[in-house]
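Letters A, B, C, D, E and F mark the chains as written, and numbering starts fresh at 1 in each.
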Amino acid sequence: MEFPRYSGIRTFMRLPHVTDLSDEVDIAIVGVPFDTGGTYRVGARFGPGGIRDQSMLLRPYNPALDVVLFEHASCVDYGDLTSAPGYLPESHGMITEGAAEVLAHDSVTPIFLGGDHSISLPLLRAVHAKHGPVGLVHFDSHSDLWHSYFDGKDTHGTPFRRALEEGLIDPQRSCQIGLRGSLYDKADYQMTVEEGMLMVDGPQLHKQGIPKTLEQIIAKAGEGPLYLTFDIDFVDPTFAPGTGTPEVGGFNSAQCQQLLRGLTPLARQIVAYDMVEVMPAYDPADTTSLLAANLVYEMMSLTAWSKKNA
Amino acid sequence: MEFPRYSGIRTFMRLPHVTDLSDEVDIAIVGVPFDTGGTYRVGARFGPGGIRDQSMLLRPYNPALDVVLFEHASCVDYGDLTSAPGYLPESHGMITEGAAEVLAHDSVTPIFLGGDHSISLPLLRAVHAKHGPVGLVHFDSHSDLWHSYFDGKDTHGTPFRRALEEGLIDPQRSCQIGLRGSLYDKADYQMTVEEGMLMVDGPQLHKQGIPKTLEQIIAKAGEGPLYLTFDIDFVDPTFAPGTGTPEVGGFNSAQCQQLLRGLTPLARQIVAYDMVEVMPAYDPADTTSLLAANLVYEMMSLTAWSKKNA
Amino acid sequence: MEFPRYSGIRTFMRLPHVTDLSDEVDIAIVGVPFDTGGTYRVGARFGPGGIRDQSMLLRPYNPALDVVLFEHASCVDYGDLTSAPGYLPESHGMITEGAAEVLAHDSVTPIFLGGDHSISLPLLRAVHAKHGPVGLVHFDSHSDLWHSYFDGKDTHGTPFRRALEEGLIDPQRSCQIGLRGSLYDKADYQMTVEEGMLMVDGPQLHKQGIPKTLEQIIAKAGEGPLYLTFDIDFVDPTFAPGTGTPEVGGFNSAQCQQLLRGLTPLARQIVAYDMVEVMPAYDPADTTSLLAANLVYEMMSLTAWSKKNA
Amino acid sequence: MEFPRYSGIRTFMRLPHVTDLSDEVDIAIVGVPFDTGGTYRVGARFGPGGIRDQSMLLRPYNPALDVVLFEHASCVDYGDLTSAPGYLPESHGMITEGAAEVLAHDSVTPIFLGGDHSISLPLLRAVHAKHGPVGLVHFDSHSDLWHSYFDGKDTHGTPFRRALEEGLIDPQRSCQIGLRGSLYDKADYQMTVEEGMLMVDGPQLHKQGIPKTLEQIIAKAGEGPLYLTFDIDFVDPTFAPGTGTPEVGGFNSAQCQQLLRGLTPLARQIVAYDMVEVMPAYDPADTTSLLAANLVYEMMSLTAWSKKNA
Amino acid sequence: MEFPRYSGIRTFMRLPHVTDLSDEVDIAIVGVPFDTGGTYRVGARFGPGGIRDQSMLLRPYNPALDVVLFEHASCVDYGDLTSAPGYLPESHGMITEGAAEVLAHDSVTPIFLGGDHSISLPLLRAVHAKHGPVGLVHFDSHSDLWHSYFDGKDTHGTPFRRALEEGLIDPQRSCQIGLRGSLYDKADYQMTVEEGMLMVDGPQLHKQGIPKTLEQIIAKAGEGPLYLTFDIDFVDPTFAPGTGTPEVGGFNSAQCQQLLRGLTPLARQIVAYDMVEVMPAYDPADTTSLLAANLVYEMMSLTAWSKKNA
Amino acid sequence: MEFPRYSGIRTFMRLPHVTDLSDEVDIAIVGVPFDTGGTYRVGARFGPGGIRDQSMLLRPYNPALDVVLFEHASCVDYGDLTSAPGYLPESHGMITEGAAEVLAHDSVTPIFLGGDHSISLPLLRAVHAKHGPVGLVHFDSHSDLWHSYFDGKDTHGTPFRRALEEGLIDPQRSCQIGLRGSLYDKADYQMTVEEGMLMVDGPQLHKQGIPKTLEQIIAKAGEGPLYLTFDIDFVDPTFAPGTGTPEVGGFNSAQCQQLLRGLTPLARQIVAYDMVEVMPAYDPADTTSLLAANLVYEMMSLTAWSKKNA
């Protein structure tokens, strides 16, 4: 309360900027400003900056989960991982390496701020190196399971196919929630189902509601480590216009909060989170970044909740 | 998949630009960039361009209706009809004439992109010349049944009164859905009811829900040809700020999709569609045009569905 | 109907601009363009102008309440109260004085357009001088019950604590609806409850719905004068981005209308209203001002309804 | 100094809103929010409102001309003339009639705020009825001398051809300054020259500079009444993006001020002014309206200067 | 004049969209929507679309050069070359191949619309294959002569170093005009001078003026084929905010026109043009795209002028 | 070159964030996000953040002054001073105190980022405490010499009158450059002249040019310490729309650079700088913040130049 909320250097929530992690850190915010994998709009490289800018209003107590963030979890802003814009495979290598350094500290649950969705692949590689195959909790309007785009290339539409091929994900404990929009082909959703993942597409989620969906996700997740990935285009483009491939017919901000808050039964299993595809250049009222910052806050709260209720 | 989605000349969905229609065409996108009938904000002349710009992301398979667009229906972009900006009666004549040329091909179901809502009158004249009186399926926040504005003049607030007077519409098979907002007079909604149309106003639609409303529309429509007109101000101004006379308290994008997708029982009866009042100058994040493009896509899907399930 | 709706000098709804009130006036729109109490974004001083600009489309008949505004209530735009930007305590004095002049006319129910929420304190002082303690009907995402900010200072986060301390409000007849978002401290909501006010926080309102909440508010309000204050950040920031401290997870425009329209049982008790925290500089599509103008219209309708049904 | 500059009902410079003119008024600001004549972008109907909004910062003393506005000239805001949107010829009749009422008061020099440039024709008709043929001082990027658009119709590109045909303008005392941009035909500029008007096109004005151009304008104007018309697209679109047919390669704000301030030798001859084609929907930072308001202020200053130096 | 300027499918100036070139075409507009080489802001992939959208107002007669475009030169819009977003070296190959197809027609002078500046390298490769080393006429705020970025990678900052290394450019006939802004190193400008190119940096161009600079460029160009490349960041960011690496202290729109128009003595030597780094997502009033479209029009006029004066 | 320019925590130019100054620091960037003194638009509290965001592109070598920033001067970002929003006198005390801590280190030349212009008063108090009366080099469109606003209150229009009254400034060595725009009173500029300051108003600066003006400033400054204050509204509102009280007819970005670069003869005398009135909420393309960051860079370069040439 000594400094007005709009002042100071803009780390996430004005957390200390700590690049030298130790085992006393519980939660690390880690930017991954890489967007060379984008196939339509681009600019998610400015996502971490935009999210940090709009995190200024966040305060430590989350009444919905009854948890005081900094009381139960030591939190830092690690800054950004590096990458080489324009060079996807090389950058993926750099991102895996950078993430591995963060994950080297056992106490740390990282929350990665994208960047486009292609970053989930190198991040999962680093997570897999430490934890083995993880269950995926995936909120998105697209399955991102495409084989390839443009003659065999990896993009932000392909990370989870690669992750499945490489065995980084355990499909039997994974789910994809909110898929919708037009597709190239009738076969586009088949892989999700054939691999054994739970799919709740957008219209179904609208119809069955959030409580039932939460039950399904939790039942599916089983025991073992989880990776939660949130593509901001899960949200309706009115609530999140600042993204790369917007799909109408999505979800609102209260529904997103309700979904994340409902994951407390899984909180202690989540070993890493990402929040991707935030694109400030398409966000005239900064509402996308504001929502993303609030959802990152819910991620932090989940981990803090698991510490409090350990 | 050979060209990235953002490249190329911007027809709707990058369809072939065909001005020489034949009986092999099933669906024709037809721009009607006329907006001289607007009584508050203007600029719907840029609507067709805006909608085409935001149609780039649309892909051929619609999972909600399980229909592959180009498999079941041959689709083209016909370009725009001409008109004389600033001259309403003369332009209405030109629009009727232009629409008649499109309708001369029996196979073609046109989807007209406005323009302001005054274009529905000349379009209905052309439709009537071919099909006789049609049932109207009308989504809007306004009834557009005003007698006149400004001393006896036609505007975007009067087309359906004229259409009723001229016998273009069969009120017994017609409905107006979503009406809301403040009115000049208590009598404003009476004509809808007195003429025998079904009216489900905004608050009632919020209350009774979409499934019941769909049942009512379908029951009302009976047999015979239908004209579906969609004023984008049916949608809440948060979801569709880019329009001429926004009314708060409207509907979201998922509800619009649900409404259109629910009209499959009427799909084969619909002889023409329009999507009007999209105004890109008031649409800072292009979300209005994006939503309109997606709803045009649902219109195409309805017609393709009727071909598939013929 | 003689002048197009976009023309003329912009008073609210183009009402007569009357600074010399008489006892024949029923409703007075009164701007209070003061925003020195803002702790994050600022610029609510342009709120009254923004709301007036977007009131042009409003028409006299409200079908939801079946009331013709100017038939049942004489309405004027009083212009703005003065204040000294940058000087909070002095300005509060000026605002109380200005409001007292308006309230000197017994027939007048004022609707104050803020300005930031700090203005509710001096307004309540003027209201209290005339009516004694009032019940508070308070829509907001924040309780605004902070003791102080920045070393003992009053801000837009503190007005209702001061009002309670000064006895301006009767907590037993008061409610706070829609509170949500992160807090400084677990104790932040306790005062509301301890003082005996009804609190329905955001998640609870989402869960229990509007009809039940209206019942609770009405039951709580009892008999006696009421003051209705509406902070536009009650609404979700997607629907109202133009505000000072936006909180995601809020309510949409139809829900706001439904809430206000449901207060008819209390309409004759409401002695004054305010609509605060509208900030046009953060409102790229003017949707916040448009919604605020429509909600002010519902406030006018409530008072007109009470006259019609007196 | 009693009220902050941002408060109050927004007349131009917060002048008294007087619709009942008398011979004690020297300068009347008169809105003409008509834009049905626009052939590309539309929305100049919101021009008067936009200009008034941005006039709030203007203060009474103009140091460049050493004149205190309200000391030497009594100024009012008359509000707006009416017209019928969508009906050009009818509206032109209404505008001529409305302008005639203003001009009926001999003391009054009106400054008309457009609206599109088509309004200059009916305004010139009213001016001609009182003063006979006038010299035209015309700042614009287009000559607006087209014979017709779209099959014989009047638009904002044709007013001065009509005015010449009707003898409203004395071409021997008239000039067109700043013409530039691509043309339909090599013959487009010939009429200006053939009719005997002075033409200084854009590149020439850049080359020869403002002082020499002022000399030419003043020499050309001779004795007798003048009408000064300023199309905001004279200015470069970077300085004035909010306009209907922007042409790059234009002039900056300081040059515009210098041009108007240099017309003091003609000030007493100017019987009316207009400022047209301001379009707020295309003006994201309100800089076009701000500049227009400042140039209207220079027009007021010219007339006030002529009173002071009478 | 039959269709209003805002209607129709948006090719450049509504030129025929011709993908099957012949030797009767003189000028081909060719989009190259590739932006994977951008090191700061990205999104130039939407440049060709943005420029086409803003070309609607352009008319055939250019009074500054006294040339009627379509009379002296047959013009078409070829559409866009393809590339693989996210894969720079592969895309460069595709672009060279695509450009070679265009250049296979001897009559055609292509004007390439970027895309980021990295595209000039593959374009120069195609040009070199046909014409041998060319003189470079390069307007830019950056020299784009960096050795590499991020560990040996090609980006939009390196194309001309590669072009020099590969012998695509004849430095003795080349110039770089408008360089300015902060640098990594004092040595950054040395290569330009050491290689024998003419450099006129920004401050010097402001000081010595355009006529003298034109003389220097023309003297330097000598005989033989030329390639003209125009990075929109040559312009001041106020005039062209929509670009990737804006540098203040630049040039205005009239100066850009004057520079291009002054190159008529070189017009017949120019074998290809490009206009790069236009980024619509950062261009809130579309002024960058509008200016770029106008400068492309001057390029077309130069080539048409050379045909007329052959 | 290891990290792309858009990545990392956003200090100014990604300088180290050092709050514990030592005598090894030469230049400290210090935010002063206080804006309670604003009389029209507000929001300069977000100025430091906006300027930092747009400083990412700046590189160490300034070719115009031939100086490598970090070679000749050790630079840090100190973060922001605190203040109490809404409480002007109290905040001024806090700012003086905070600035004094910075100035306690003799080696440090601070560059303060406002905040509104009222901050110059408390900053000058701190500067005076160390250096005694200073010469003022003041770029602005307003003299900010008003006695008071709104009944005796200090605002952003009064700091230099207070500073003169308190003897903080030596008027005989001071200048005000660029004053323009309408005034309340003919007397408004008299104080500048009567006190013995040099005044070059806007029109005069346009007329006499920059080289002559630089000579006058340098001659006036004499020997002894100087304080350079730059109000961004010195610049034309087209180049700097994001400011509180914009005045048209101003200067462009190249002219601003030329003015600052021309002050090298005074560089070693300048003991502190400020850059004020940057308001991101009114800056849709971020061009104001970008320009301000570049001008701050020129300030740093001046001080570095004086070290290099000591």
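Following the convention adopted for this analysis, a contact is a pair of C-beta atoms (placed from the backbone, for glycine too) under 8 Å apart; a residue touches a chain by one contact, two chains touch by 3 or more.
On a predicted model such as this, the values are computed, not experimentally measured, just so you know.
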Inset, instruction - Determine the shortest chain-contact distance, in steps, between chain A and chain E. - result: 1
Inset, instruction - Could you find the chain whose CA centre sits the greatest distance from that of chain F? - result: B
Inset, instruction - Would you mind reporting the rotation angle for the C-alpha fit of chain A onto chain D, rounded to the nearest 5 degrees? - result: 180
Legend entry - A-C or C-D, whichever has more C-beta pairs in contact: A-C
Legend entry - Distance from chain C to chain B - Cα centre to Cα centre, in angstrom: 38
Inset, instruction - Could you list which residues of chain F touch at least two other chains? - result: 2, 4, 6, 39, 41, 45-46, 84-85, 149-150, 238, 252, 282, 284-285
Legend entry - Complete list of chain pairs which touch one another: A-B, A-C, A-E, A-F, B-C, B-D, B-E, C-D, C-F, D-E, D-F, E-F
Inset, instruction - Going by the contact rule at the top, pick out the chain F residues touching chain D in the complex. - result: 39-41, 149-150, 180-186, 188-189, 201-203, 206, 236-238, 241-242, 245-246, 248-250, 252, 282-285
Legend entry - chain C residues within the chain F interface of the complex: 35-39, 41-43, 45-46, 84-88, 90, 149-151, 153-155, 281-282
Inset, instruction - Would you pull the chain E residues touching chain B in the complex into a rising list? - result: 2-4, 6-11, 17, 31, 33, 45-46, 48-49, 52-53, 77, 79-80, 82-85
Inset, instruction - Would you mind writing out the residues of chain C in touch with chain B in their complex? - result: 1-2, 4-6, 56-64, 66, 68, 238-239, 252-254, 257-258, 284-287, 290-291, 294, 297
